[in-house]
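The next part holds the structures, each set out as structure tokens.
What follows is a pair of complexes built around subunit A, which joins subunit B in one and subunit C in the other.
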Partner chain A sequence: MLTYEKIFDAIFISLQVSVISTILSFFLSIIFSYIIAINNFTLKRTIIAFIGSLTSIPPVCAGLIVYLLISRSGPLGWMEILYTPSAMIIAQFLIIFPIMTTLFVNYIQDEYPRFSEELTSYGASKRDLIYLLIKNKRTIYMTVLLIGFGRAISEYGAAAIVGGSIDQVTRNMTSMIALETSKGNVLTGVILGIVLILLSLIISFIINILKKKND
Partner chain B sequence: MIKLTNISFIKSQNIILNDISCDIPHNKTTVIMGKNGSGKTTFLKILNKIIQPSSGNLQTNLEKPIPMLFQSPIIFENTVEYNYLVLHKIKKNEINKNWFEVFDLEKIKYQNVNTLSGGEKQKLFLSRFMSYNQKNLFLDEPNQNLDLESEKLFVDLLLQEKQKNKTIVLTLHDFEIAKKLADFIIYLDKGKIHLFEETSLFFNKFNS
Partner chain C sequence: MKVIKYIFIFIFITSSELFSREYLVVQSTTSTVNTGLLDMLSNYFQKETGIEVRTIAVGTGTAISNAKNGDGDVLLVHSKLDELKFVEDGYGVERYELMYNDFIFVGPHDDPAKISNAKNIKDVMKIINFSKFKFISRDDNSGTHKKELSLWKNNNLSLPDHKNYIRTGTGMANTLNIASEMQAYTFTDRGTWISFPNKKDLKILYENDESLHNPYGIIAVSPKKFPHVEYEKSLKFIEWLTQGKGKDLIKSFEIDGERLFFVNE
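Showing the complex of A and B:
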């Protein structure tokens, strides 16, 4: 039977998985994008184009890839994380990492030459440039963080495939909306839908404030 | 003397500077003038070794680029004071706040740069640049956005720097200010030197 406790659990699972996948993706994408955007190497353009094309990966396909990797017969089957929140985090990471990396790479490729040209004349080293580039325009980092979180919390498909939508363990908001609506519990679907929309609106609102601040 | 011999600069198949040869005298003030897109900024960046020419030879005592006032300098999303100090702090330079006071920035030092007017930002850029107290000064359109009062302050300050026998090279659009500051004026047109003369001779020739 559906209880408020189960609804709150779904909200909590959604937030927990999305926050962890976003933070993980945020820091790794910063490191990765600085490495590929600042250095010149043979496959640079190919890698950037490949990551760019991954931004439009359908969540169900991301889920399917992670499923094949972590299922018992997959190469990472020994980890035994299928149908756990950890698997959901990995699947969401696969969706948002390319988005965050692409946004960061674009930002760094726009700004780094300008920073390098001017600040090197003031004696700044490459390390100083990276430090200043991160410290300067902090709102861009906040915006990317919120875009990533918005995408993670609203995706449906990836987390459901690898999480298995197990009640109070891996059933997040989007899975619960789909499940309850299909069972005819439209009201529950609507309540959860409102929570999800409110979260999205709050995120958009914060992004707009940050954009205005940045302008 | 900074000697340029047959300097050309080509970017994305566009000729920005075309076979420029001239000598920029030491301890003098040289003003570079010309229309938008005539190559003034590129000329200044090449003099300061910030960019390498596509061809030609540059003879200068500079071993590496020195702090230069850019046309659109980098501004950090922070306070006025932070923007003034950050580069000094990174390099652990001795901090000299004289220029901060000269440009009257003390009263807005805790203000976020996003709230500043164009003129206030330019004063911040000028004070940050001048605080490096260099022997050679390269400035790209230093008077942009300044109101008349601040522009007069800036011209007076540059005249004082001139008295210290510094080599000053700057780009300008304003002929009146050029007349006050320059020992020599270079007029660029479509990447070529149209006129390079001592100031009084320049105006005689340019007006005729």
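Showing the complex of A and C:
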């Protein structure tokens, strides 16, 4: 009943969903974190603290929130995206966006003051500063990107709730492992588990290599 | 606001299936999906008509509440009273009998509570209630759980409240796994049992009782209640299953030489 084709489908769906959600979250969190880290405004600390607390949002809760929003009886029901990969992307976005934003905000708050004092005296504009900040510490951005991706691809719960674990459409690796194990097909679960662990290992190796380069 | 607009555009672009909905969403139970029946049926249906069928495998209770939220085109579950109420409340158009099998009691090989000696279903329920041997209940509002509850009620017994009445709150196959590990009794539909690969530490202890009939019904979600449902396609699917080729496929569906579902001739 279970073919290699289905396993490859699950791997492909996992990668597709996680890559898109990570890239989406990556760019938006960079923009967002620069806005809140550089500017001074009221409630700045509260917003940063709030996003920081969202970093530990349990995936099932993120899934539930997205489910309530995009269900037919929810406010975004007209979009018809429940039980599609798009829904999974949104749910994963909700999980990793706070993580990436918090990491970026910390980094920018550390680096920006040092840069700005020195360079504004040479006549650099805000835009030049941001450009230099991004260019100089490229590896930090890579690390944050991979942390986000690792969290997205290994998450179980959110994607399962809003994706519905539909065969060959929204059944990613983690939901397939849960399903096959609960059906008693432990061996399939183990095979998929190994693939997932290998992927996570590769990701953490890349992070480590990048960190060394950065030091 | 511009950023939000771009997010939506991006999501729209990345999911091509958003624009054309050439598929049906079937809210169904774990017993029809995890046995592989619905997979097989939807493959054939897609080959014949080009309509893709996407199945969501949850418990009957969850499937019904999902369908009541409008998150599905077809409901295929096994809890007749709830199905009739679903239609009565205007959420569904009409209930069709699709197929049936039966429920069974399974437990450890040595059968410490001697359920296999029971004369009738009332005996079985009494033994489980008073013997205090481990019994596992689904406790997830699924069709099987609802059936178990109705068995307690119809035999004038209250739910056991000792600590050996274990509530798992998960799917049928998973519950069978737990029963196997704990050497406990449990109540299951025959389809899941036959397709369950890990049954070596469990066996059937009580079966073939009239009160353990397990009919599956199929209902198209009402287009009056939810204008977005694919009603025409749903009807086509239901007709194909109840009168067309689907019926023969259900009849011929076997695992290890055993038939899982039967249809009314």
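Everything below uses one rule, namely that the second predicted complex is superposed on the first by the 215 of 215 C-alpha atoms of A that agree within 3 Å, B and C clash if a C-alpha of one lies under 4 Å from a C-alpha of the other, contacts with A are read in each partner's own complex, and residues count from 1 in each chain.
Note that in this section a contact is a pair of C-beta atoms (placed from the backbone, for glycine too) under 8 Å apart; a residue touches a chain by one contact, two chains touch by 3 or more.
All of these numbers come straight from a predicted model, not from anything done at the bench.
When the shared chain is aligned, subunit B comes close enough to touch A:119, but subunit C does not.
Among subunit B and subunit C, the chain that touches a larger number of residues in subunit A is C. Of the two partner chains placed by the overlay, neither subunit B nor subunit C lies in contact with A:49. Of the two partner chains placed by superposition, A:194 touches none, neither subunit B nor subunit C. Of the two partner chains placed by superposition, only subunit B is touched by A:138; subunit C is not.
Judged by the touch definition given at the top, the superposed model places A:72 against subunit C, while subunit B stays out of reach. Shared contact residues of subunit A, touching subunit B in one structure and subunit C in the other, are absent. Those residues of subunit B that touch subunit A in the shared complex are 45, 48, 50-51, 65-68, 70, 73-74, 76-78, 86-87, 90-91, 114, 132.
Residue ranges on subunit A touching subunit B, taken from their complex, read 114-115, 117-124, 128, 131-132, 135-139, 213-214. Taken in their complex, subunit C has these residues touching subunit A: 3, 7, 10-12, 14-15, 17-18, 21, 25, 34, 36, 39, 54-57, 69-71, 170-171, 173-174, 176-177, 196-198, 226, 228. For subunit A in complex with subunit C, the touching residues are 1, 20, 24, 28, 31, 71-73, 77, 79-86, 89-90, 164-167, 169, 179, 182-186.
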